[in-house]
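For reference, the structure I am asking about is given below.
Letters A, B, C and D name the chains as they come in the text, with residue numbers starting at 1 for each one.
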Amino acid sequence: MDNCMGVIDFSCTDQNFGTLTKKRAAAMLPFGGRYRLIDFFLSNMVDQDISTIGVFTGTKIRSVMDHIGSGKPWDLNRRFNGLFVFPPLYDDEKRTSVGDIFHFHSNESFFVRSSEENIFISDTNMLLKIDMNDAYKCFKESDADVTVIYKRVKDPGGRFINCDKLAISQDGTLENIGTNLGTEEEFNLFAGSLFIKKDVYLKIVRSAIEKGNAGFLKEALMNSVKRYKFNCYEHEGHIESIRNVKNYFDANMNLLDKDIYSELFSQFGIVYTKNQDEPSTFYKENATVTNSIIANGCIIDGNVQNSIIFRGVKIGKNAIVKNSIIMQKTKIEDNAVIVNAILDKMVTVENGVEIIGNHTVPYVVEKEMILSREEII
Amino acid sequence: MKKEKVLAMLLAGGQGTRLKTLTKDLAKPAVPFGGKYRIIDFPLSNAANSGISDIGILTQYKPFQLNEHIGIGSHWDFDRNTGGLRILSPYTNEIGGRWYKGTANAIFENMSFIDHVDPDYVLVLSGDHIYKMDYKKMLEYHIEKKAHATISVIEVPWDEASRFGIMAADKLGRITEFAEKPEVPKSNLASMGIYIFNWKVLREYLLEDIKKEDSSNDFGKDIIPAMLGDGLGMYAYTFEGYWKDVGTIKSYWEANMDLLSDDNQLNLYDRSWRIYTKNKNLPPQYVSEGSIIKNSLVNEGCVIEGHLEKSILFSEVAVKKNACVYNSVVLSNAVIEEGAKVCNAVIMEGVTVKSGQEIGEKDSNNVYLVSADDIIKE
Amino acid sequence: MDNCMGVIDFSCTDQNFGTLTKKRAAAMLPFGGRYRLIDFFLSNMVDQDISTIGVFTGTKIRSVMDHIGSGKPWDLNRRFNGLFVFPPLYDDEKRTSVGDIFHFHSNESFFVRSSEENIFISDTNMLLKIDMNDAYKCFKESDADVTVIYKRVKDPGGRFINCDKLAISQDGTLENIGTNLGTEEEFNLFAGSLFIKKDVYLKIVRSAIEKGNAGFLKEALMNSVKRYKFNCYEHEGHIESIRNVKNYFDANMNLLDKDIYSELFSQFGIVYTKNQDEPSTFYKENATVTNSIIANGCIIDGNVQNSIIFRGVKIGKNAIVKNSIIMQKTKIEDNAVIVNAILDKMVTVENGVEIIGNHTVPYVVEKEMILSREEII
Amino acid sequence: MKKEKVLAMLLAGGQGTRLKTLTKDLAKPAVPFGGKYRIIDFPLSNAANSGISDIGILTQYKPFQLNEHIGIGSHWDFDRNTGGLRILSPYTNEIGGRWYKGTANAIFENMSFIDHVDPDYVLVLSGDHIYKMDYKKMLEYHIEKKAHATISVIEVPWDEASRFGIMAADKLGRITEFAEKPEVPKSNLASMGIYIFNWKVLREYLLEDIKKEDSSNDFGKDIIPAMLGDGLGMYAYTFEGYWKDVGTIKSYWEANMDLLSDDNQLNLYDRSWRIYTKNKNLPPQYVSEGSIIKNSLVNEGCVIEGHLEKSILFSEVAVKKNACVYNSVVLSNAVIEEGAKVCNAVIMEGVTVKSGQEIGEKDSNNVYLVSADDIIKE
């Protein structure tokens, strides 16, 4: 994809994920056994030959810097172009407390300096693998100022309530973007990403600052639907909206569907992440594992069903893990029982401890906690 | 005062003919091992973990897969601005080109490179062995003993001793005798092919050795005996732990199987001495409904729908429904189709075991090497 | 230097450098034709085999991230250890607005996780090349908890007024650290760096937080002089204190002394910086250059005396540059005259413009300014 | 649809014997040029600037300095996790070892590497030439013409034409005739030794060529004529700009001197097409009181106290008081001592011109090559 740079915008709210986002942005949530959500966005771009990528983070930058570092896993540690991380700055002359539009404006020089004339912008609310080359072709051939990516979804269950909804005219022009309240069962879901001409982007951001009518970049773009030529590109594949703990849990569990597993992990290029140098996973004598995704470096001697097990997890003899997400280096000792739960990194569940959540409200255990047996006096 | 400077020279040109089709397209150091590694990962990771920052890798035989695997050395943190990892291939000069002959000759031919790095010590390693060892400790021993050369040794079973270079040493560790593959071994202390030399001393002996027309230019056969003959201070550094030179298909299979015992000495899960390898960026393994996995080591990208016991699966292996893999080593991208049975076998990369096919028998000492073209029994 | 990690602490105040530090921390000031001050600290550590380095920056992190990036120029872009940048975080549970002690405390895990047992800490107020291996040997052999580096200076002119001053007892123990008011002509100047045992460092930081009696790491360390074993190591070489524009100007000019040039650039290892891929400097037909330091990538056709010229500067025909610091990519057109000035990056001085400062108050021109001729109407 | 994949193969094994002592210890591509570069920096930087991400460098003759210079390719941004820069040296297989013979043979021997990369196009480059060229444009031309092969050509003076491979092309650029170093050239369009081939086509011709016992396995002598004979679509891509093959000491000296003219076509200061090289991390140059520098190119780390005119100084050269350097090229770490005079000379690396020594004369056509051992007049 010549002539196109990438932007990842952490505008996704962190408020609905409880302690999972205490120290990390929503875009940094662990996903699928060995990834973080951001890996999918970065890899999708890198695999389709975008070589300049700016990541506009929120304020929780430590996990971003730890994970992304110099961009080496994505081959973005380049002398020319590569990865640029833009945390919000303390030292801007003018800042507003709400929204990220000033953040984008104060980094205008990043856009101006780069040689690419088009930008692919993605927020991190939606998880999908886009056929970006095809979408880019559509954008360029239509000569639109902006090409918005969407998916036509049937949503009788209301999974996508409060997501963004597009109204598209007969000729494919975008008419407006609003919020889906569930009035229609079938509608056009905004996929969180779009192509835009760089000069149009620059005009929209400047105009939003001067008029003071948008706090967020997304808001500024949406305000401009009438002023520029916006058209639409339909995404054919799977899509997940990750807005709260329940969505997040379900999106992980959906990977147990082999088609979704293949699509998210293999279609349009592979997914890169930070390498932890884990050996293979060892299944011991008493292991019984079914319908699960298991990362490397685990040692399993218990029973695992319908679960996502991250790298370096240990599961003891006679332990049961069911319908759960167990993150990196968590240790589940012998005879423990875990059902409908999300265990963050480096949790310890001691021998015999039982925790049972409900599938609509998964039981979330914060990083590094130790679940011990109550002493009976 | 800067640290003493060490340069590691890793001999990675071995052909490994006794491994048959396993080494048809690659050098022995590139042979896959332990579910996700290649043999060379062990000495490379040892070097990285020992804090060595300069390493030359001497390649010669079919180096493409090895070069592709090593890349710029970034997996072992050897991708440095200065120093780091260098691949040293044979080259030509005014006189013409010369291939590496013996082990010592490979070092000799790279003398101008070594002089350029200007190390105090040269650590000679072989890319053929599987073990975990802290070379820093061996170097400390070498310095403490004020040795001219130190050879790492390991106790081997007496009946195998005649396959190795065998050492006799006095109480202080000073080597008194050395015999390369003796018919009647006088000790069971075998050379592991790991040497530390003071570069200045080694340099002289290499220059002398090259002048001898009948020399095989080999450390074990020529250089070490010459040094010993001159009464140089040569010490044996005794290594305790797992060390294996997988020479045959059977010993290769056994060394892999060793990893499945709970108390295996190689302990790949030890975070304090990790073994690094090329990262393939594969998704986690997928274990479907109805599959059975016991006593097995499974790597990323595998999709298991069948039955797996006492086996090692490398990356992206597919074991289909009702397929059964027992006591076997399955290399990357192999497919075991529905209902196929595999037992006591090594399945090579990308091989498909067809539906209904049965390989090997449960109660036998035979090991089968399965390639796309043939099956070799050993 | 086995078993020792490095820390660079940006506690140096930015307030006395005017517009030079508007967008950059004092530690990021350009120095010596092609460097930033921080390059000297990083390189000194790297050259003497420290392989884990934490940089605790102030809030102006953009220039830090641009310049240091992944640490590649210092070979610190490592998989294991290497460079860690710690900007102050927004998301700490407890923060204080004054001082950096909480910043160090909240990054305790960086220290705890690393395998090294000793720390070399340096602030960025003083510029010097330390014989770190020798100092480290002294630290280890004396078994002190802290070894403070100082220089015995004669200072009749008051160059070091307001710098830190050590009182050292007969047996070499540090008695106290105060501020030099110039009462003694000869005194022990604190060189801004010290070795400390990691466990002692951790105790001092924790104690300072719990007692609430120190805002800055340096303050906490100084408060502990009586509680732990502090001794001293004397630095033999050159030292510069960089606290304000005048010091900064003089420190640059001192490089025109060939001994100081050799010491700062070559002793105890070379100085690494970000590579700009500049070709050699071209001296044209009318160039007359004397007693100056010239970086690569310049094209010079004018007269340069007693000056420091950074990379990519252009100096036109008949232009005169005297006693000045000209930073990167500044353009001085024909017939311009610059005396006693500091021109920041990418300044343009148009044809015939004259600016003349005084050596005690150098004329400072902010980045990207254009100095044009006044129109006479 | 991914981008069309190009693999660049850079031939860097040339010995460059006519450059005499300049190439005593290094291959011609490693010869220093232009104040801070080596010749190979030009094709490498061209490749980087043209957006090529896969490049194989074929070395053979005394590769140490070249390898040290290239390192892991980080200066040209070629240090990638996948792809990037690979050094391809001769290697052995079951049959034995083979050195690269002609230019085409070097590509043939690395066929399995190229197949592994699986490019659509192979761009063959030489490491011997100094020029700036956007290979992307040449590739676009190749694709637009639906060519099987495209050869980059440049107009040379008629009297030099017989030194080159000379082309005749029709109005559409299609090559109608090709003659390698013809005694009576029919045109002055010379091959620059830069070829783009469709890999599938080239692959077949290489396999055919290797069967011919009398072939010299050379692109210009064998492959191109064979393709032309078979009527393949071969096009000439005309390059305009600076291009130089520095064959002799004199032309080497002249090419350097070219850079001092204001309107030199190579323009090293053009930020849109930068030439990258290994970064030596040297301090800025120091110009003392009383020195004179005019019409000269001076690199980092130099200390100038004397008089310099119409000269090029590489890194860390010292010109002492009252020394005078005129019309000369001085390589790194040379020292011109007090009162020495150097004129019309090339001073090799690390050479000290002693106090009072005088080399060369002002009004003459002679150029002197000064090494530590001797002075060659040309």
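We adopt the following convention: contacts are C-beta pairs under 8 Å (C-beta built on N, C-alpha and C of every residue); 3 or more make two chains touch, one makes a residue touch a chain.
Predicted, not measured: the structure shown is a model, and the values here were computed from it.
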item: Pair of chains joined by more contacts [C-beta pairs], A-B or A-D; value: A-B
item: Most distant chain from chain D by Cα centroid; value: A
item: Where chain A and chain B are represented by their mean Cα positions, the distance between them in whole Å; value: 41
item: Gap in Å, rounded to a whole number, between the CA centres of chain D and chain A; value: 47
item: Residues within chain C bordering two or more other chains; value: 72-73
item: Multi-chain contact residues (two or more partners), chain D; value: 74-75, 80-81, 279
item: Partner chain B, residues of chain D touching it in the complex; value: 13, 15, 59-64, 67-68, 71-74, 79-81, 84, 86-87, 89-93, 97, 99, 112-113, 116, 279
item: Sites on chain D touched by chain A in the complex; value: 1-3, 48, 74-75, 77, 80-82
item: Contacting residues of chain B [partner chain A, same complex]; value: 34-36, 74-75, 262, 268-269, 274-277, 279, 281-300, 308, 312-313
item: Of chain C, residues touching chain D in the complex; value: 32-34, 72-73, 258, 261, 265-266, 270-273, 275, 277, 279-285, 287-297, 299, 309
item: For the chain C and chain A complex, residues of the former touching the latter; value: 23, 59-62, 65, 69-72, 77, 85, 87-91
